[in-house]
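By written order: A, B, C and D. Residues from 1 in each chain.
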Amino acid sequence: MEKGLKIATIGGGSSYTPELIEGFIKRFKEMPIKEIWLVDIEEGKEKLEIVGALAKRMIAKANLPIKIVLTLDRQAALKDADFVTTQFRVGQLAARVKDESIPLKYNTIGQETNGPGGLFKGLRTIPVILKICEEMLELCPNAWLVNFTNPAGMVTEAVLRYSNLKKVVGLCNGPIGIEKGIAELLKVSVNRIYVEFSGLNHMVFAKRIYLDGEDCTEYVMELMTGSAGNTISLKNIEDLGWEPEFLKKLGMVPIGYLRYYFQTSKMLAEQLVAVENEGTRAQVVQRVERELFELYKDETLAIKPPQLEQRGGAYYSEAACNLICSIYTDKRDIQTVNTQNKGAIADIDPMSAVEVNCVITKQGPIPLVTGELPVSIKGLVQQIKSFERTAAEAAVTGDYATALLAMTINPLVPNDTDAKKMLDELLAAHVEYLPQFKNKL
Amino acid sequence: MEKGLKIATIGGGSSYTPELIEGFIKRFKEMPIKEIWLVDIEEGKEKLEIVGALAKRMIAKANLPIKIVLTLDRQAALKDADFVTTQFRVGQLAARVKDESIPLKYNTIGQETNGPGGLFKGLRTIPVILKICEEMLELCPNAWLVNFTNPAGMVTEAVLRYSNLKKVVGLCNGPIGIEKGIAELLKVSVNRIYVEFSGLNHMVFAKRIYLDGEDCTEYVMELMTGSAGNTISLKNIEDLGWEPEFLKKLGMVPIGYLRYYFQTSKMLAEQLVAVENEGTRAQVVQRVERELFELYKDETLAIKPPQLEQRGGAYYSEAACNLICSIYTDKRDIQTVNTQNKGAIADIDPMSAVEVNCVITKQGPIPLVTGELPVSIKGLVQQIKSFERTAAEAAVTGDYATALLAMTINPLVPNDTDAKKMLDELLAAHVEYLPQFKNKL
Amino acid sequence: MEKGLKIATIGGGSSYTPELIEGFIKRFKEMPIKEIWLVDIEEGKEKLEIVGALAKRMIAKANLPIKIVLTLDRQAALKDADFVTTQFRVGQLAARVKDESIPLKYNTIGQETNGPGGLFKGLRTIPVILKICEEMLELCPNAWLVNFTNPAGMVTEAVLRYSNLKKVVGLCNGPIGIEKGIAELLKVSVNRIYVEFSGLNHMVFAKRIYLDGEDCTEYVMELMTGSAGNTISLKNIEDLGWEPEFLKKLGMVPIGYLRYYFQTSKMLAEQLVAVENEGTRAQVVQRVERELFELYKDETLAIKPPQLEQRGGAYYSEAACNLICSIYTDKRDIQTVNTQNKGAIADIDPMSAVEVNCVITKQGPIPLVTGELPVSIKGLVQQIKSFERTAAEAAVTGDYATALLAMTINPLVPNDTDAKKMLDELLAAHVEYLPQFKNKL
Amino acid sequence: MEKGLKIATIGGGSSYTPELIEGFIKRFKEMPIKEIWLVDIEEGKEKLEIVGALAKRMIAKANLPIKIVLTLDRQAALKDADFVTTQFRVGQLAARVKDESIPLKYNTIGQETNGPGGLFKGLRTIPVILKICEEMLELCPNAWLVNFTNPAGMVTEAVLRYSNLKKVVGLCNGPIGIEKGIAELLKVSVNRIYVEFSGLNHMVFAKRIYLDGEDCTEYVMELMTGSAGNTISLKNIEDLGWEPEFLKKLGMVPIGYLRYYFQTSKMLAEQLVAVENEGTRAQVVQRVERELFELYKDETLAIKPPQLEQRGGAYYSEAACNLICSIYTDKRDIQTVNTQNKGAIADIDPMSAVEVNCVITKQGPIPLVTGELPVSIKGLVQQIKSFERTAAEAAVTGDYATALLAMTINPLVPNDTDAKKMLDELLAAHVEYLPQFKNKL
């Protein structure tokens, strides 16, 4: 690797790319990248060219010897790569619109990660990811796969169970956001606190919080439920607040996604109104993206435009660049990533993917032990994991009944009959992206 | 025990008592009972006298030397008892009416065992059961507590965690009913099949089914989802059927209560209609009970009237008498009861109560190993267990926030705010039966 | 099976066969056997004919319609068998003489089950057993394999890990002997006690003992360590007694084999003297066998001669016939057998073979949960299991280093260098029975 | 802590103290110590004064504002301490002479950590440590206890199970030594390798080894067993080598102490010769210490004399200073320490002390997950843990039978009768240091 790193970014035409480029520029001293290959597919070519041109202007402005390569040839991009990042979206935002709107017809939240929408995002994405894994084992067997594509937990689970690729990490910006939020609440700098995360992707909890080495979890919960309000939330989830006594007794800072499960009917009502007013979240994002790409086209722009931070994925690039940098430099710092459990969470199968604190070493993330999940949430977390495992199996086998089982056991789905109807409607809507189901229906 | 057994039945005025008496009469040769003490409280005195008189007529007709004692003095009844059965209902059916109707106001199924109603039944019942345990340790330390009172799983959990009484078994008629239903479906006698049950009370599954030693689970699932339909259901749960592909893929015969969780919205809709037409289930039962007690008053009646079987609790007495008889005679047969897990189900805390097959010996039930729960249901089962544990803790501590936590994590509850409202309304409605919460609200 | 059972007994020429025949005769009413095929190999033909003739005389005297078939054609014997019992000895007693005498040269106890001798018995036996399993899957796929051949634990482990045959049970007379011994000590009939066994083959413990349903373990330990002495021992292990304070604190009745591990130097000294006086145990057994076969030849003999009971394997036939009978009749009684753990013992891999109480049903043994092993012995039990697993792997792979690892980690082996010397000498001595090692040395 | 740290070192008169002082001097910039209190007891006063004077000269030469306080008043030393290190020896080396020589009379290796000698060292030490814990909870509740005193695993186990002090870490120089040894073997600097340690104190294994992020374990095992020989050993354990095929198949670098268990008879023979020639290890150490203290008396000496490194405990001070410094500065680097398992090693009770890699944070060590122990050693490791737990219980209760149980189950002890004899002789020899057994014998 001495000659400089090669990065391959699948879904390179994504609106997130400038953030990633910015991250790589910032860390160039530690992590001397030689080439960044931005890969996309025919349908994404135009966006790839726009964002690629911006990336090149950013590099030029930073005056760094990094080569940006734009390509539709994935295998050329993978060849001898050191790190492969994935941020593609099978079926693009149009597919997400369906993932979110079809369930709403059945009074069900679509939820593009752990809900019915997430099931279909997984069904579309997992076969592609597994194909990439196969190609990596052939073309760059020592490279790391750093996956951003949602549902990141389900995707990581699928790679761990159905691929021979061992070097995989799933990433989410959630834990960084929570950690920063807690630090703000405590009015201290982030490096004075330590947050013990435990859970799954989009179902993770700040289990214990330490300030200067002393456990301050209860104090944080006081702050969260006091007049200041429980202000820690991701940009893409409506903050409806929590009943203060409930949150205090829960005794952990949950990721915003918990609202989908413990505030189901409120979230549904809120979504129905929002859809009425501004369309689904996917449609909102489509508009944001259009605006972003308009900005990106500006040939005088040579930095990441600040508007990008309004998008839900703030800190995503920070998470990715930190991870890649720590692996490359054997930094051995602690980051919260999706990786194989191996016993870190006592209640979850050691083979499964979990989202926990890890030391990031040159040989990858090593999970820190966090013990049992609290009684209050161990059932729900387990249920999401059951959903992820069943969904991953359906994605690989293309088995209708397995997909129906995954849909029905999802906590957001109101009954088996609606599960079947949603499944059928979504299978029909996404048929072009689900070849594995083709001859089985 | 040579001089004949003493049975103490708490809640002796229950309409179920004739079935229990019939069971004892049938098994007199194996299990020579000398005395049956039927205990009740002041409010139940009238019913106790009616049902007690019937019991005496039944014994007389059977011409057996069993003495029936009616009493309001629980401690006299417990003194030197060999078996204590509990079938009481704190607050009687009037309380159950509230457990079922108040949640409906919030578009929530009350469900008197594992739902919000079950939480309150547990909050009312557990302190009384723990008091009985304490008295037993004093007055009849070698006796077995055989608990029928719902929520039987939560009650057994509470005894295992908060009492020193070790000799406790929780009973449900569900598994017997499923087993009989499967035998009927297969058109064979029950003794040719073996059903491996695994789960919790009212959340139990016929995991594997054997006919003459060969695994026939798949065949049973075919039958269940074929034209004959999935006909195995308890009398007290509306049979809405299951999506056949779902049930087949689930690969197990679930107890009817699973409908509350995987058919939530359908069950709710159905209940709203039923309440409109005939009142809550509790109100239906009140009418049935009134009719039963009218029958019981008939001084010419000296048998269990067949109408009793229309009540939901069919086989309850069979379950209880079989259990008592097998303990007394060290029969070492296999029964499905609620007992301490000890590792029988790999996914559940060894300390917790589970509903599994056990060998019934003189020293009590010994669970048979059943391994991991299938992925599809391990989350939901775990979630019900989390609810039971949190509810039991709330019952013992009288802590408001713990009760709110239990309510909010229940899978039937739509959101934290409604959880709080239901909790507050139910706490107010049941205030006289919840002394442990008195000074804490 | 309606037409009567077919039993195939591999190693039919064994001196134990008359006991087995007697057991089948006694249980004929319950278990109507039509044919018993006694199989042996060319080298055992003479013994097969002698013992086969006796078996025929026994059947004739009992006047039962059971056909005895003597054969060297194993596949003909297996064809359509209902139960296959194995009691063969690869290399016969001459091999056992080497297993016991070669280690003694290195001041090491040979121990034909869990010691260096057991390693070699396993290396010789396991490939043959796995071949039988393969043939059974072809010729009698519904039959049960009931294995008596030692080391029974290691053999059962090997079948569970390296064969597709699921219907296997390993048997030992140890637990029956301990149970009878405890009953004698308590001066009560065996059916009044319940003994909870937990452990591995030849490393099993009577963990808790109940008399009429009450725990009397401490009282038994008092008796064991009182003036009556600790009299429970198998015939084939010298009873050197235990330090009473040790045994009492241990709090369990151990199988006699525990002496090899917690009295190693005393057992070794005793063996060295015994070998001097009367030869190895194998040589003693050879003499006993010669005498038995002289008796068997007597054409007037038509019963099992009482002298057979002097042989170490008392109750072996009882164990086997009870097991076969309970499977055949779905008796659901409790027996202590070697079967897959599945969580019965919390400390041992669920996949591994353990010796625990099971309910014996038509679909085979179902283990009863017994929880964690006591701290005092969990290490040693685990170490024997590690030895068994490593030895089974060596038997299957024929890998020299794996065999050396198994030998070195055995607790009876004094050091790695002697381990290697013993291994080399035993490999050379048994070369004709270890084809799997042939081209690897 | 801003005003500078206070360190209290119990057993301050130890010959190791200069190393500790040197370590503190080196790290003064990172870790501004204000006071080091060296505590000893009356019997150690002379040594305390000698070593204390040297410490003062070392500080003076370094020209640092650290105050050295010599005291016999432990409570004054503990008052408001930030870190408490323990390196005392109850009964001093004279007691160790007995621990090592008495077992030898019974042809048993004494082994002052995990053998019969270790049992007695534990029996003498644990009550004192628990007393210190109690005082710390009173006098310096926020301080960390950093324990060097052997048997460090047993002592840590005892603190975790029998004290309310949570801030405890047990230290050993073994892992550092192995890591440095591996780096030397690979001819690379230590910071290019990562060694995954797993096990218990003095029973730890380098399970996997990574060089620049790639697993090189097999290559290291090749080197270890090649012509270069297996050169990684501690100074205080005779290196008898390993059978190469065994070590390679073991596939891990074991700590030298493994020789006691897998080379028992060779180690015993070697010790018997060594004792003949130069006395027990304790007697050798006594001579070394006498020489060291002669050196220490030299008033011109103001550095740690190089001869100290010949003593067994090389790197001890490095281990201690690194740990204290990382806790103080929240360094979050990886160190191998004795701490509560919490699931890091799947096979060991989560409550127990284990020796594993941890991230060292301001709130203490957080174990990194390492999964299951390899089959080959999981039994032995578990057996040592059983010994430690039983020994710790005996130390706390003063129960004779528990001590006998601990002695008998130790893998070095040849039989129960010799166990009892050694126990009795050692109890008599150490009677003045074992008050807890006084009225119980």
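Here is the rule we use: a residue touches a chain if its C-beta (ideal position, glycine included) is under 8 Å from a C-beta of that chain, and two chains touch if they have at least 3 such contacts.
In UniProt terms the chains read A, B, C, D = Glycosyl hydrolase family 4 C-terminal domain-containing protein.
Here the structure is a predicted model, which means the values were calculated and not measured.
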Path length in the contact graph (chain B to chain D, fewest steps): 2
Computed distance of Cα centres, chain B from chain A, in Å: 44
Centre distance in Å when chain A and chain C are each reduced to the mean of their C-alpha atoms: 56
Where chain D touches two or more other chains, by residue: none
Inter-chain touch pairs (all): A-B, A-D, B-C, C-D
Sites on chain B touched by chain C in the complex: 194, 210, 212-215, 327, 330, 332-334, 341-344, 346, 350, 357, 359, 361-364, 366-371
Chain A partner contacts - residues on chain B that touch it in the complex: 107, 242-243, 245-246, 248-250, 262-267, 347, 375-387, 389-390, 400-402, 404-405, 408-409, 411, 414-420
